[in-house]
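So, here come the structures, one by one.
In the two complexes below, chain A is the common chain; its partner is chain B in one and chain C in the other.
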Partner chain A sequence: MSQEAAVAGKAPFTPDRSLFTRFNVIAGIIVIIGLVITILRFSGGLATVTNLDDNYPWGIWIGFDLMAGVALAAGGFVTSAAVYVFGMKRYHSAVRPAILTGFLGYALVVVALHYDVGRPWRLPYPFIMQQGTTSLLFEVAACVALYLTVLFVEFSSAPLEWLGLKKARNIVVRLTILLTIFGVVLSTLHQSSLGALFLIAPSKLHPLWYSGYLPVFFFISSIIAGLSMVIFESTLSHRYFAHKMDETHLREKEGVALGFGKAASLVLAGYFAIKVIGISVDNNWHLLGTCYGAWFLVELLGFVALPCFLYAVGVRDKNLTLIKWTSGLTVFGVALNRLNVCLIAFNWHLPSDEKYFPHWMEIGISVFVVTLGIIVFRFIVTRMPILYEHPDYKDGH
Partner chain B sequence: MSISRRKFLGWLGAAGMGTAMGSSADAASNKHFTGYPGSMGVLHDINRCVGCRSCEAACNKVNELQSPDQVFTDLSVLDKKRRTTSDAYTVVNRYDPATGTGREKEEPVFRKIQCNHCLEPACASACFVRAFTKTKEGAVTYDASVCVGCRYCMIACPFNIPAYEYDEAFTPRVMKCTMCHPRIMKGQIPGCVESCPKEALTFGKRDDLIKIANERIQKYPDSYVDHIYGEHEMGGTNWLYISDVPFERAGMREDLGITPAPQLTSGALAGVPIVVGLWPVLLTGIYAMSKRKEKIAQEEEAQAVAQAVAGTEAEAEKKLSAALAKAAKDKETVVKKEVKKALEEAAKAKEES
Partner chain C sequence: MDVFYTLQDFMTYTKGVTYLLMAAILLGMAGFWCFLTDRDEDE
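So, the complex of A and B:
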């Protein structure tokens, strides 16, 4: 490596800091373990590293990495719609980090999918070989593929500014509103379709979770997850990358937390209401007294009603600490909902000894994928104009 | 036949609704489909099955599957409830129908499990590469050459039939009964049917099988539950069952309903054009509105600023002119005073001199 590159690489750090920081060591270990499991997975097949069986063809790589991953990456479309379509310019500094989080989220969903499907090199087959248009999964696949492209283009303005490619950057910026609307359409479709995937299995999913409203539940809760992820991610970014934030970002940060917290509280209230309508429509009240009913109530009261209330209190009292913690609780709640639908309440007829519990190597890959996301996020945020505006394009919007 | 006025109006209304909604209802849900005419199926008479596992052995042989650790004549495997796997397209389970009922029938019943070959298969509807085909002969077949391995078919199947080769690294396949479709095409009958020593399995046209089943039920009403499992379940299947114990006691789900799987998702799929058509228009409208609001706000702001500036300027001018006037007046007074003083002084000087 040339000296120049070495200097450039070290620039963001103080000169005496070694390469073996706590972050680097932990991330490094996870990545090495992840790579070993990767080799095992692709040389020995799914059985070597997973507990999947014929009754549980989908495990946490789908339940968490795909289902929760896509929901938590909804911050991109929620924020860009708020700012560009609804004209809420005061949240402008939240757009780039949200788009970046969304883009990385979707990219990692696709990475994780390569581990899960039997023959990942055939992933383009639904588009190039035969189109199974009767399948909700086809809709999900098409929308995710298109939306990943949209997010890539939306995000590309940051690296283009970083690389100084003004012309290309200006073209991308001019496409903003088009991409935003396209993004909202695609997100509406695939966020809801992820829920609709389970409509075909009424005999397998517990009636408290199975509902004709599943697509609506998934779409609405993805908005909640998106709003909360923006607050959550902003909290973490401020903790670790505060030196990268410009004055505008720091000034608007509080307003973003309050505004998004308020929106999340309202949407959570609406979500709670339609969940209750869902129980009423199918008249499933009596099931609330069962074990699954208790678990359903934990989800509904502990991870929908409670954060709704906490957000409202936090916004009323301008209590940012409460809002931040609530965002964490909400994000966890939406992820839990996806795990419930996909795994816990799925195959509820099966005796407990036949139920699925992930192999440690499945969890290993999930942790590995999340870690990859954090590493790439850090790489980009410390180099590209994400948390600050590039001085050359100050008045670009 | 007399038709009351009310009835007639009711019919008229229904006809009108039918015309208005018929085509759109067809578009959203696949057309009512009662199976390919003349398609083949198998009738499994649970009463006749003795659990000898001959069908399992035959299936294993004709499909060239991996031979199991325990030989097929070993009936101890019946102590456990099994399901189809990638090595076994069919399994026979033993059920004790008296369990939990405290009622008659002491002897166990045996039921064979395999793909039921739905008239409108959930697996085929769920597959995003159309790897499954409902053949006109009745079998649901699978094409491994396009399969991506997403395993959504396994999620979708209400009978828990498709299995996956999880231990295959490079060419994992979904595995399930093919109703011996290749044999049927050669004019042979399925391996399991051929091997059954008790004629518990009957191969034939589905329509004929339903007739045979009904005949048996009518002839021996005490020996059969008055229901053909598979005639309507999940929209109907090509594999049919009759039994003397309630089907639930033979480990079969009786809560599946009669809705074919594709209909379960047709509503959600019908939402796609609505979203695609509605959202862009609505969002562009909202964008235009927020843009216009912004513009008006900007104009108003500019106007207000101009007004304020003009006001301030006028006031400043007024102040200035007032100050100037005052200054002029002051100056005048001073001059007058000075002149007066000078005159007085001059007068004084004159007096003195």
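So, the complex of A and C:
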């Protein structure tokens, strides 16, 4: 595809294409249902649409949308650090898609958070009314707010190029290294702090998942999630948006998959090692023979050790298909880890009739939020210079 | 399962096992690195 042909027009949609595609119809139904549930939640309260109670104040809106969402949006800081801090310019084509995925991920985390906390107008209160400086959650809120701002500024170069605002775009690009460093610092803080939130509940979280090293586990697994999401998103983008890609993107895609797969394999190996050390330090070997122990082994062996090995084999054999499937497995595994810590292994003492299972409307909101992300991603990628370099700025970044 | 009467006993045992595991992990990581980079083309 020529450079000129890859530049998208500014029209919202091409007039000769029907709106009623299969994707649009399904997404439209999900959005309508999501809006109805939204009205029910904010008019009727949490009890109307959730199965939350005093034992489980955090459900899948926190366990999946927030915890897994933040981990899976880590591709932004990982990719920009690799390119701008460690100088790996061969992965440059992956930066903008990763930043976009990260920006949308964090934005939707904040949207999902609104459903859980309610009273959206009070979101700035921790910064202007009463700071909880002894609270980890305050630090998470501050870091996520700042990092969302960093991601917005980093992403803004693409819409500025699309709108032809050269001066503003050049200012933003000059800030890249500063934003990248700031983003890495903020990400380290909040990714680990999300794990540290559970340090206060050693009796509630199952000993196999509870550890003094929870912050380290969450941070390392966020790097794994970020690397894998870049490969996963790149796979889907090549499947559905290949016509929007320029030659650089098409040429570099194999290198990105191999390089990120190799990095993910190494980090997974390290993560596996520190998880085993975590069991050893607390002498919890005997718990591996219990039901929860079996489930822990499913997570550790099936979604950490196995992807580590599969990534390594894929990189050795330059088997891109294996690497792509493994990225999906890894993404699922990190989401599973967050769900295990937040929901499944949480309150493990409780009898099964007091355990939490999400209401269908909670699942509906989670699906709605993810669908919103996909719709916005598609809108941006088909119009703005994300998967191609704008011809006016070819060597400008 | 061993019975630990003091924190000292517990820490001595668990730290001992952890140090042995760490040594095995360090050797394992070296081997894993060789496995991973075995077929890399010389850059």
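Here, the second predicted complex is superposed on the first by the 379 of 397 C-alpha atoms of A that agree within 3 Å, B and C clash if a C-alpha of one lies under 4 Å from a C-alpha of the other, contacts with A are read in each partner's own complex, and residues count from 1 in each chain.
Following the convention adopted for this analysis, a contact is a pair of C-beta atoms (placed from the backbone, for glycine too) under 8 Å apart; a residue touches a chain by one contact, two chains touch by 3 or more.
All values derive from a computational prediction rather than experimental measurement.
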Original post:
Now for A:I223: first (chain B), second (chain C), both, or neither, which partner does it touch?
Top reply: neither
Original post:
After lining up the shared chain so the two structures overlap, which partner does A:D53 touch, if you call chain B first and chain C second: first, second, both or neither?
Top reply: first
**OP:** Give the label of whichever partner, chain B or chain C, reaches more residues of chain A.
**Re:** B
Original post:
Does chain B (first) or chain C (second) touch A:I277, or do both, or does neither?
Top reply: second
Original post:
When the two structures are overlaid on chain A, which partner does A:K262 contact: first (chain B), second (chain C), both, or neither?
Top reply: second
Original post:
Is A:R122 contacted by the first partner chain B, the second partner chain C, both or neither?
Top reply: first
Original post:
Which of the residues in chain A come into contact with chain C in the complex?
Top reply: 262, 265-266, 269-270, 273, 276-277, 280-283, 286, 312, 315-318
**OP:** Quick one: which bits of chain A touch chain B in the complex? Just the residue numbers, please.
**Re:** 42-48, 50, 52-55, 57-58, 81, 84-87, 89, 116-119, 122-123, 125-126, 129-132, 134-139, 141, 177, 181-182, 184-185, 188-189, 192-193, 196-204, 212, 215
Original post:
What part of chain C is in contact with chain A in the complex they form?
Top reply: 1, 10, 13-15, 17-18, 21-22, 25, 28-29, 32-33, 35-36, 38-39
Original post:
Where on chain B does chain A make contact in their complex?
Top reply: 30, 83-86, 122, 124-131, 146-152, 154-156, 158, 160, 162-173, 253, 255-257, 261-262, 264-265, 267-269, 271-272, 275-276, 279-280, 283-284, 286-287, 290-291, 293-294
